[in-house]
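Next come two complexes, and both contain chain A; in the first it sits with chain B, in the second with chain C.
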Partner chain A sequence: MAEVQLTSVRQVFRRSSGALVEAVAGVDLVFRAHEFVCMIGPSGCGKTTLLQLVAGLMPVTSGQIAVDDVAVSGPSPERGLVFQRDSVFPWMRSLDNVAYGLKCRGVDKAKRENIARDYLNQVGLGAIERSWPRELSGGMLKRVAVATVFANSPRVLLMDEPFGALDYVTKLQLHQTLLGLWGHYRPTVLFVTHDVDEAMLLADRIIVMKAGRVADDRQVTLARPRTVESLALPEAVAHKEVLLRHLGLNALVQDGKSAQ
Partner chain B sequence: MNRAAVHKLAGFASVIALVALWQLASLVVPYETVPGEPMVPGWQVVFTRTFVSLADYWQGGLGVPSVADGGPRTYAGAVLAILSNSWDTSLRLFAGLGLGAFVGLAAGLAVSWSRWSRRIAALPAQVLRTFPMMALIPMFQLWFGATYLGMMLFVALAVGVIFFTGTANAVGNVADIYVDYARTQGATRLQIYRTVLLPAMFPELRSSILLGLGTAWTAVVAAEFLGAQTGLGQIIVSAQYFGYVDRMFVVALFLLLYAAITYALFERASRRLTEWMPRGQSANVYGAS
Partner chain C sequence: MDQAPRAARQLPFDPLGIAGLVALIVLWWALSYFRIVPQVSLPSPAGVVTTIADNFFSSSYLDNYHLGQQGMAGNLLYSIVNVLIALVIACVVGITLGFTSARLALFRAAIDPVMLTAGTIPVLVTAPFFLVWFGVSRSAQIALLIIYDITIIYLFAQRAAANLDPTYVDASRTLGASQRRIVLDVYLMGTLPEVFGGIRIALAGAWGLEAFSELLGAPKGIGRVIQAMAADMDTQMMVAAIVTLAVVAVGFDFAIGSVFGFITRWKRKARL
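Right, the complex of A and B next:
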């Protein structure tokens, strides 16, 4: 179990002009164990910053983040992060990339390579373990990154618009791969996206962020696996309409009213 | 004919042109340094009397007496002179290169440890980068005399400065995302240095390494100019004393050959170390692909 608690979390940056910017403006949230949470919101709303704070990549300005009541004080393989940009090490072959975290923790070579091979197989990349990242497509690189975080057995999985740059088909394939791994290993997932359809397909819960605050927090109780049909059910459509309004896309919704 | 062949042919043609140009210069420049010693010695001089005259720099042994002890000038003596003096110069060079590269790299990595150490090192690094190191040779002479240690340390200093500034710069240009990715996977700071920063910065460090190699050859020969008893630099200075431009020229050709060999060896190693890079970006020290 891995419950993530955010208590009055604030993050303030100083711009090069000297002006202070409050990227996260007092967020209180609890992500329950095994929950798949999508965070959605316009650019600059603080969702990526929040993810990096949970990852421990920077200290919070004030407030506290804890996983199972243990305060986050820095990065840890227990909180794996898949980045928006390609972060796979280009100087390591695929297998070595997936085995990297295990190597850092002193797992012996044969064992870590077996584990890495297993995860590469699970993301459908068993045949490319000796390839250099330069030889892989964008979708394959994302699969390597997903295999890498899962190989570290994370209790919390943080994903920062991981599939944003991928084509439609590759993105849908990766959703299935991710849902399969999540269903099997059950980490708590915090997934940042711009894409309402992606959030509807993946999430148990969708959090909308605006100007550093939580603007909405919605439970999605649609049965899994979700299909084209289930995503056309009245509950799904209702969620989608509210989310689109939050993103300012009122024109796409029948009555055109904005969300509050 | 493919592109690589054209490149090769063009390179070969330019070498032939330079050889011909030298010969032409030897014909049109009639001056002599001292009677019988041409200012620009043609290839017919270089390949006949010059090479064997290098036997003068053999200090005797292995059954070949030195010319100073009354022995004849022989090709064996000339070959031994080149080999032994090249050996002495190489020892100074590689010892200095190794020391300078190691210390420069370590110092460059060390200053990247924290924001404060980077700030503290920034100005000295900038000054050192532009400082004419050769100006320090006489000072080294006074400190260490014309000793192996002094010459080695001088090469180490000249190379070390290049490695230091190159490393500090290259580390600073490694994308943060790789460091963050390693941190979220549990890498310690030392592991990040070894497994992320070193491989990620190598492509950028390559140009500093090449500059360091070239500087090492310059520094070792320059250091030998002042009082060394052996070495290729010492032959050049002693030949200059008697106006033997042809001998200086032959030693310069050997230096050219050695520098080319070290560059080629580095290129080979560099290719292996940058095998992971996208095509067209991997190592080629001569710029052609």
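Right, the complex of A and C next:
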């Protein structure tokens, strides 16, 4: 799978007032092939901007992003993106949504529908392939979005707080679904989240961003498969303390221990 | 497993609308039957229906006015063809211009004033110019309708494209969609409910405008029938022509609404 290299990446926006905002301030990172990386940080720290830059949805102000030494110059189906907002097309049935990327690549109808059906089954939605998105719940829509991206077999999977708006139970179910799909061929994953527990359940590595810069870069060596009990292990507690402090939640951390 | 919401069900027709129509006919009948309004000003519903039946497919009476031998049907067909030709051309041009202006600020800056001007100048003012430019040919009526239709469809297409959630466009780009696919699969499909709404509004206004434009010298058409009958104070035939035009307009609106409703059945509570 793909290795993603970010070299001195900088992104500057101009506000309507004319003021310049440095959303990403010179980031150097390498995401190794097969790695599941979670990016965490307070709102406005530049993590979503960084994700969109890797997706190629906007050009970098300066610096370079490359996948396996090939510079990113625009969007590509090799870098699939699951959006924070609903991105499932309401005018296509579930099966057609999942098959859309394959259709764009010219895969014939029967083959792409078989592939899409297989992914819908894998995310537990085999029975709703003919349903319109308006007939699905928020959790089901996220499953369709995840199936859509995986059906395209991206080498790099980018996820922008995909489960942020979901309830606790649905979120845990979707973590298992995501890890199950990821385990098949282990694409490189860059997953943006606000949720410290979510990051520790999913990630091999957690990157903390603050004010457009990398503030911390931590390896998570907890054994997989992880469960909610894994979050009580000493390594997880130690990570959580540090991450909460990074997020400015010092009051929740007492004497080096999680105070939850 | 999380639960999906139930799909909303809709009646294929509006019972209150039908009740309103029935009430109007009853009122018309009462005004006529009890001579509240003189027969010469307001013919009875039964008389109008008889006139339509007697003159629909062939009419020597209308032929005397040089309005063809095919009766009201021939004149209706002339008007219908004009309206539909104009609507098709306006859809292609209006949607293309609307989408382009939604995406390109420079293009929007250039075309918006033209469209707004065309949309706000009263048709009564512009109609004589079309007569000068195109003469008493069919082209004059169609051109007038095209201008009217385009200004409406352009605005609806532009607003729909501008309001389309950019996430859909970004999603299609990351899935590998070409520019052509983005336009057809995302912009066109995602804006259909609003664009269809614009088309229906344009069509509803186009019937009256077509009838009016025929007064400027069309060889035939339902507007010409109304004009000829008004000149001779034949109110029964005049109302018959107006009723047939109204039935055609409502029929087309219902048919197009049904087709549009089916195409956009993915949208919850789509009321076009």
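Keep in mind that, in the parts below, the second predicted complex is superposed on the first by the 255 of 260 C-alpha atoms of A that agree within 3 Å, B and C clash if a C-alpha of one lies under 4 Å from a C-alpha of the other, contacts with A are read in each partner's own complex, and residues count from 1 in each chain.
Everything that follows uses one rule, which is that a residue touches a chain if its C-beta (ideal position, glycine included) is under 8 Å from a C-beta of that chain, and two chains touch if they have at least 3 such contacts.
Bear in mind the structure is a predicted one, so any value in this text is a computation, not a measurement.
Trainee: Using the overlay on chain A, decide if chain B and chain C clash or can fit next to each other.
Mentor: Result for chain B and chain C: clash.
Trainee: Just chain B (first), just chain C (second), both, or neither: which does A:P77 touch?
Mentor: The answer is both, since A:P77 touches chain B and chain C.
Trainee: Comparing chain B against chain C, which has contacts with more of the residues in chain A?
Mentor: C
Trainee: Quick one: classify A:T170 as touching chain B (first), chain C (second), both or neither.
Mentor: A:T170 sits against chain C, while chain B stays out of touch.
Trainee: By the touch definition at the top of the document, which applies to A:L57: first (chain B), second (chain C), both, or neither?
Mentor: both
Trainee: Applying the document's definition of touch, where does A:F13 land relative to chain B and chain C: first, second, both, or neither?
Mentor: neither
Trainee: So, A:S137: does it touch chain B (first), chain C (second), both, or neither?
Mentor: Only chain C is touched by A:S137; chain B is not.
Trainee: With the two structures laid over each other on chain A, which partner does A:T148 touch: chain B (first), chain C (second), both, or neither?
Mentor: In the superposition, A:T148 touches chain B and chain C alike.
Trainee: Once chain A of both complexes is superposed, is A:P90 in touch with chain B (first), chain C (second), both, or neither?
Mentor: Touch status of A:P90: both partners.
Trainee: Under the contact rule defined above, give the chain A residues that sit at the interface with chain B and also at the interface with chain C.
Mentor: 55-57, 74-77, 79-81, 83, 85, 87, 89-92, 100-101, 104-105, 132-134, 148, 152
Trainee: Could you please specify the touching residues of chain A with respect to chain C in the complex?
Mentor: 55-57, 74-77, 79-81, 83, 85-87, 89-92, 100-101, 104-105, 124, 128, 131-140, 148-149, 152, 170
Trainee: Using the touch definition from the top, list the residues of chain A that touch chain B in their complex.
Mentor: Its residues touching chain B are 55-57, 74-77, 79-81, 83, 85, 87-92, 100-101, 103-105, 132-134, 148, 152.
Trainee: Can you list the chain C residues touching chain A in their complex?
Mentor: 1-7, 165, 167-168, 170-178, 181, 185-186, 189-190, 192, 264-268
Trainee: Taking the complex as given, what residues does chain B use to touch chain A?
Mentor: 177-178, 180-188, 191, 195-196, 199-200, 275-279
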